[in-house]
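Below: a set of structures, written as structure tokens.
Each of the next two complexes has chain A plus one more chain, namely chain B in the first and chain C in the second.
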Partner chain A sequence: MESLLHMTLFLALAPLLSGIVRKTKAFLSCRRGAPLAQPYLDLWKLFRRGIVRSTTASWIFDLSGPVVLGGALVLAAATPLYGREVPIPMHFVFYIYLMALPRFFQTLAGLDTGSAFGGLGSSREAAVSAMAEPALLLALCGLAHLGAADSIGGFLASLPSGSVFRHPETILIAGTLFLLLIAENARIPVDDPTTHLELTMIHEAMVLDHAGVDLAMIQMASHLRLAVFSALASSVLFPHSLTLTPGLGVPAAMLRLALCGVLIGAVEAGTARMKLSRVAPFLMVATVLASIALALQYAG
Partner chain B sequence: MTTLAVLLLLLGIHLAVSERIRPAIRSLAAQGFLLGLLPLLDTAGTDWRAVALCVSTIAVKGAAIPAILSRAVSRLEIGQESESLISTRAAIVLTGVLTLSAFVACERFGLTGKDQIGGAAGLTLLFSGLLTMTTRVKAVSQVIGFVVLENGIFLLGAASGSEFTLPIELGIFLDLFVAVFLMGILMFKIQRAFTHTDVANIHALKD
Partner chain C sequence: MPSALSYVLAFAFVFPGVLALLVRDPRRSRIVGFGGGAAASFLGLSMTLAGAAQGKTVRFPLPAPVPWTVSELYMDGLSAFFLALIFLLGFLASVYAVGYMREFDEGRRGQSAPLFFNLLLLSMALVVSAGDMLSFLLGWEGMSLSSYFLVVFEHERAEARRAGLIYLVATHIGTGGILVAFLSLVRQTGSFSFNGFAAVPFADPALLAATFGFALLGFGTKAGMFPFHIWLPYAHPEAPSPVSALMSGVMIKMGVYGIVRFLFYLLPGAPASFGGVVIVLGLLSGVFGVLYAIAQHDVKRLLAFHSVENVGIILLGVGAASVCLAQGQAGAARILLAGGLFHTLNHALFKGLLFMGGGSVFQGTHTRNIERMGGLMRGMPLTGLTFLIGSMAISAVPPLNGFASEFEIYRGLWEAAGKGGVSPGLLITAMAGLALIGGLAFVCFVKVVGTVFLGTARSPQAAAARDPATSMAFPMGALALLCVAFGVAPALALDPIRSLLPIGPVSLPVSPPPETAGTFTVAAALCAVVGGLCLLRFFLLRRNGKQAAGTWACGFAYSTPRMQYTATSFADPVIHVFRGLLRPHTVREERAKGRFLTEIQFDTHVLDLFENGIYLPLYRLFLRLAFLARRLHPGYIHLYLGYILGTVVILLVLFR
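So, the complex of A and B:
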């Protein structure tokens, strides 16, 4: 029952989070923007459409949509949202591998269609995620040490709460996770999710040849991924909210995600897209922050 | 104390990897302000010497020196880029390695707990100041590096448990202030003589 609530919340809130990000961005650049429910409407529209398939595509292409969505669902099942119990308790190293699996299939599918942009997007996406991985590993290592447990749900819930001043490393780890959120979810300083120029795309170029239900699954997966990262980064800052009863925990989780969405929207509205060559230093900063967080624990 | 030290450490890293001059000066001002708060936290109650030290640190390092530097930047019209000899990536990696080695060094010094974090932050500031001084092309950035290096020594002294002695600290402030002042005047002179402050070109001078 708890698991059902957990997954329902993730599935229901993930598109809304994307909607909040878009609305904030529109509001800050003095536009009205699409309604908050636009991501749901987009998904509904895509689910009713047929699939157009490249003639060179193989079974890998057909498999990519379900694998990407499935991977995101398992990831959501392992991430604590409103309490310390998760449907699938998972070791944090496996969690990182599970983040890489859907991306592997998606890059393959991008190459599979035989279009130039698919391959270009795939290679960029692989490069960005490869550079993001050490930072993620170091950040989760730091959290595991701080929470003295090795499953995602376990260490997030047992982080020392209300101690941002006594444990400044939690701020560093939350900062690292936020930088990774931006890089891994194709957000503005790294990648522009709304760009219309294929040459500058990263993530969007890769999924350019997907249509209909496939595209809907991939979009749902990226909404879920954004929600997973937001839940992770925000629960590092407010670990106390994971120890509440479900009655209080659910609104607290929604509030956390909404705050995260507003923050992402503000960053997107306030910054300009970086050159591709600047992405590497950006992610190196994340790695340095995470390793300093580890060094601080070693010292403190 | 720990939070202040971590903030100072982050500011030091920010300074070493920043590519523009104005953010670097803002980072310097923030460092001065945080350093000023340090003596207040270490003493219990109101100690007039700690208050005097706090006020003078914030006045000199948080306000006066950044003001002189930003005035120099706008008067000299030297542009935004601080032009480093090494790439930003190399600077980030170097700063990261130096920060971690600062933690190891403080471990060897026998500092523990929050003193170790303070000491590591001080050493990081010292290293990043040194890095800025040695790898930046423009004179203003080198002056910024010098001030950061001095901030690092201040923090290291505070962390290693030595007492804040007012006369000595005030003497250091005076030295630092005069040094920055003189460097500012020197930069104006160089600017007037050569129409730029790119020190790399000094090698091409002949008598």
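So, the complex of A and C:
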């Protein structure tokens, strides 16, 4: 029952989070923007459309949509949202590596059609995520050490309360996770999902040949990933919200996610996209932040 | 394994090899030689597994090769593990070779291969079951020489001869290191047997460190450990694919065996610094191996560099286990050692699979350059599927076996660093390094699978390639199944490994199972969800419709397959980031006619820094010294007689 509530909440809230990001961005750049529910409408539209499939594509292309969404769903099932209990309690290293499965199929699907755009996107996506991996591992190591547990739900919920003030390293870790959120979810300044030039894209170039149902699954997976990362980063700052009863925990989680969405939107509106070669230093900053956080813990 | 059976086994390996030389018909020769090797390996595997199930240490004397010494076979849990590994991959590679070596039927060029192949298997079995220094070295030399003859198997090609020479020199430098380490042990303990070595602890720490240093040089060279790895990317690609599979999958693990044997058995009370050195070298092997692999276009060379990477991961686990043991963290040490050995097994499985897949692709397309392949998933669906599984395994994508063993290593590292707080700096750096290695391996194998099997064919040969015969397909399928099985249910392999380990001097307490979900649960959840979504997609597409069209290219059509993304471009972002380490070498030439460019030639490759920066200058220095030394023997017999006279006089003066 709890698991059902958990998954339903994730599925229901994830597109809304993307809507909040877009609305904030539009508001801050003095536009009205699409309605908050636009991501739902897009998904509904795409699920009812047929697909155009490249004659070059193989079964990997057909499998990519389901694997990408399936991977995101299992990831969401391991991420605490409104309480410490999750449907699948997962070791944090497993959690990081689980992200590789959908990415493997998605990057291969980008190459499967023989399109130069797909290759471009896949190559960049793979490079960015490879360089993000050490930072993510170090950040979660820090949290696991602080929370003295191995599973994501376990250590997030047992972070010491009021930890932001007593343990300043949590701020560093939250910062790392936020930088990684930007890099891993194709947000400005690393990637711009709304640009009109395919040559400059990362994620969108990779899925350029997907349409209809496949595209819907991939978009849903992107919303879910954004929600997963937001839930992770925000619960580091407010670990107390994971120890509440579901009656209070669910609104608290929604509030946390909304805050995160506004923050992402503000960053997107306020920064310009970086040159691709600047992404590596950007991720290096994340790695260094996480290392400092860990060093603080072991020193103190 | 009773003693009589061992002789039967040795005979079962050698006899088919000799017979294969005598049979005139090349096809029959292949079947007799490699088929006999497969049967012998199967026999050996079942004997090892049956023996391991009883859990007894076996030892019995052998007729001594040198008078006044004792030779004996000594098989404990560690030997049993490596024996099982040798025979398992030996069996599958032999079956694969029956089909693969058809290429050499013409002119009966392949007749000698089965003999060397079987001798290689037999001598590796001797290496891991030797109980004393002499039989160990006998096996070690047999292994080096038989594999040398397999590397130069196509000796009509200059590259093969050059690779063979590099290999021969490297492996003998390694043997020299091992010999020195053993002699130091003999001098210290007065015994030639391993049990004798282990019984007497070292008194002098400096001597202990020197002994370990030489052992590490010797075994590290065989294992392909950084910075002694340079022979590996030459030798492995030149050998026929079943041999590459065996060399990369099993033979380099003999180096790992040696390091484990020394660290945990022969040098009792090794300090934590030894393990620390192994961790650092493992990390460097991992990072450099995968970075050089990303820059390769030759599929077998690329796989060879990945062997360097994976040996690095194994050594990381083994070294960390030694550090933990030295600092009293027995629980973590146990997880790490089991994880390191599990990765040894897994690497043998997926690397064997990948080399076999690479061999099938090579036979189909007659090129090893991945830039000339593409779209092979169409003509070679089985090779494509198994290669994909191997690639996911080597990139540590769950739920496959490569992830399962890396996860054990992570778990052990975290057990030691996160909870006990033992040398956290080094161990957490190792974890971050492992994460980077995993991410980069991911890039590399998306590149390989994408360029070789997806898209459209970049050459007519690639378009015509077809799946290989059953004898080659069966081992690939079997290995792919094992990769999935050990990934989904790691306990299948981990439990036996854990039960084998306490035999011998190291007995470690059993660690409690983790409170988190295992791979099996996650794999089941994934299967259920992905299966459901596939069904959903199927029904939605039946309702909504699906059309086929050419790939979208901004309103144009792709006129040539060369417009696809190349492997070089795919690897570029990573190479660009690490350009300071890799120093990519780029040549760009433009030819113009009047104002118009007619031709651009672009060539980029990455050279091994160590090879060019250290080994080549060393080699040149050595050559120069050799030329100087040559002046001493100009060919005048009078001078030589003078040398003899001088020597006698000096000896008389010194030792009168």
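FYI, the second predicted complex is superposed on the first by the 300 of 300 C-alpha atoms of A that agree within 3 Å, B and C clash if a C-alpha of one lies under 4 Å from a C-alpha of the other, contacts with A are read in each partner's own complex, and residues count from 1 in each chain.
Methods note: contacts are C-beta pairs under 8 Å (C-beta built on N, C-alpha and C of every residue); 3 or more make two chains touch, one makes a residue touch a chain.
Computed from a predicted structure; not experimentally measured.
**Q** Since both structures carry chain A, what do chain B and chain C do when superposed there: clash or fit?
**A** On the superposed model, which is not a single observed complex, chain B and chain C fit side by side.
**Q** First (chain B), second (chain C), both or neither: which does A:168 touch?
**A** It touches chain B, and chain C stays clear.
**Q** A:298 in the overlay: touching chain B, chain C, both, or neither? Say first, second, both or neither.
**A** A:298 sits against chain B and chain C alike.
**Q** Taking the superposition as given, does A:29 touch the first partner, chain B, the second, chain C, both, or neither?
**A** Neither: A:29 stays clear of chain B and chain C.
**Q** State whether A:8 touches chain B only (first), chain C only (second), both chains, or neither.
**A** neither
**Q** Thinking of the overlay built on chain A, is A:288 touched by chain B (first), by chain C (second), by both, or by neither?
**A** first
**Q** Looking only at chain A, is it chain B or chain C that touches more of its residues?
**A** Looking at chain A, the partner in contact with more of its residues is C.
**Q** Touch check for A:58: first (chain B), second (chain C), both, or neither?
**A** In the superposition, A:58 touches chain C alone.
**Q** Please compute the chain B to chain A to chain C angle from C-alpha centroids in the superposed arrangement, rounded to the nearest 10 degrees.
**A** Once the two structures are overlaid, it is 90 degrees.
**Q** In the superposed arrangement, does A:280 touch chain B (first), chain C (second), both or neither?
**A** Both chain B and chain C are touched by A:280.
**Q** Working from the superposed arrangement, determine the closest approach of chain B to chain C, counting only CA atoms, in whole Å.
**A** 9
**Q** Give me the intersection of chain A's contacts with chain B and its contacts with chain C, in residue numbers.
**A** 280, 287, 291, 298
**Q** Across the complex, what residues on chain C touch chain A?
**A** Per the touch definition, chain C meets chain A at residues 374-375, 377-378, 384, 388, 392, 395-398, 403, 406-407, 410-411, 414, 418-419, 421, 424-425, 428, 431-433, 435-436, 438-440, 442-443, 446-447, 449-451, 453-456, 514-517, 519, 521-522, 525-526, 529-530, 533-534, 536-537, 540-541, 544-554, 558, 561, 563-566, 569-574, 576-577.
**Q** Using the touch definition from the top, list the residues of chain B that touch chain A in their complex.
**A** Per the stated touch rule, the residues are 2-3, 6-7, 9-10, 13, 17, 88-89, 92-93, 95-96, 99-100, 103, 106-107, 113-114, 116-117, 120.
**Q** Tell me, which parts of chain A touch chain B in their complex?
**A** Residue list for chain A touching chain B: 165-166, 168-169, 171-172, 280-281, 284-285, 287-288, 291-292, 295-296, 298-300.
**Q** Inside the complex, what are the residues of chain A that reach chain C?
**A** Going by the criterion above, the answer is residues 47-56, 58-60, 62-63, 65-67, 69-71, 73-74, 77-78, 88-91, 93-94, 96-98, 100-101, 103-104, 107-108, 110-116, 118-120, 122-124, 126-134, 136-138, 141, 144-145, 148, 150-151, 154, 198, 208-209, 212-214, 217, 276-277, 280, 287, 291, 294, 298.
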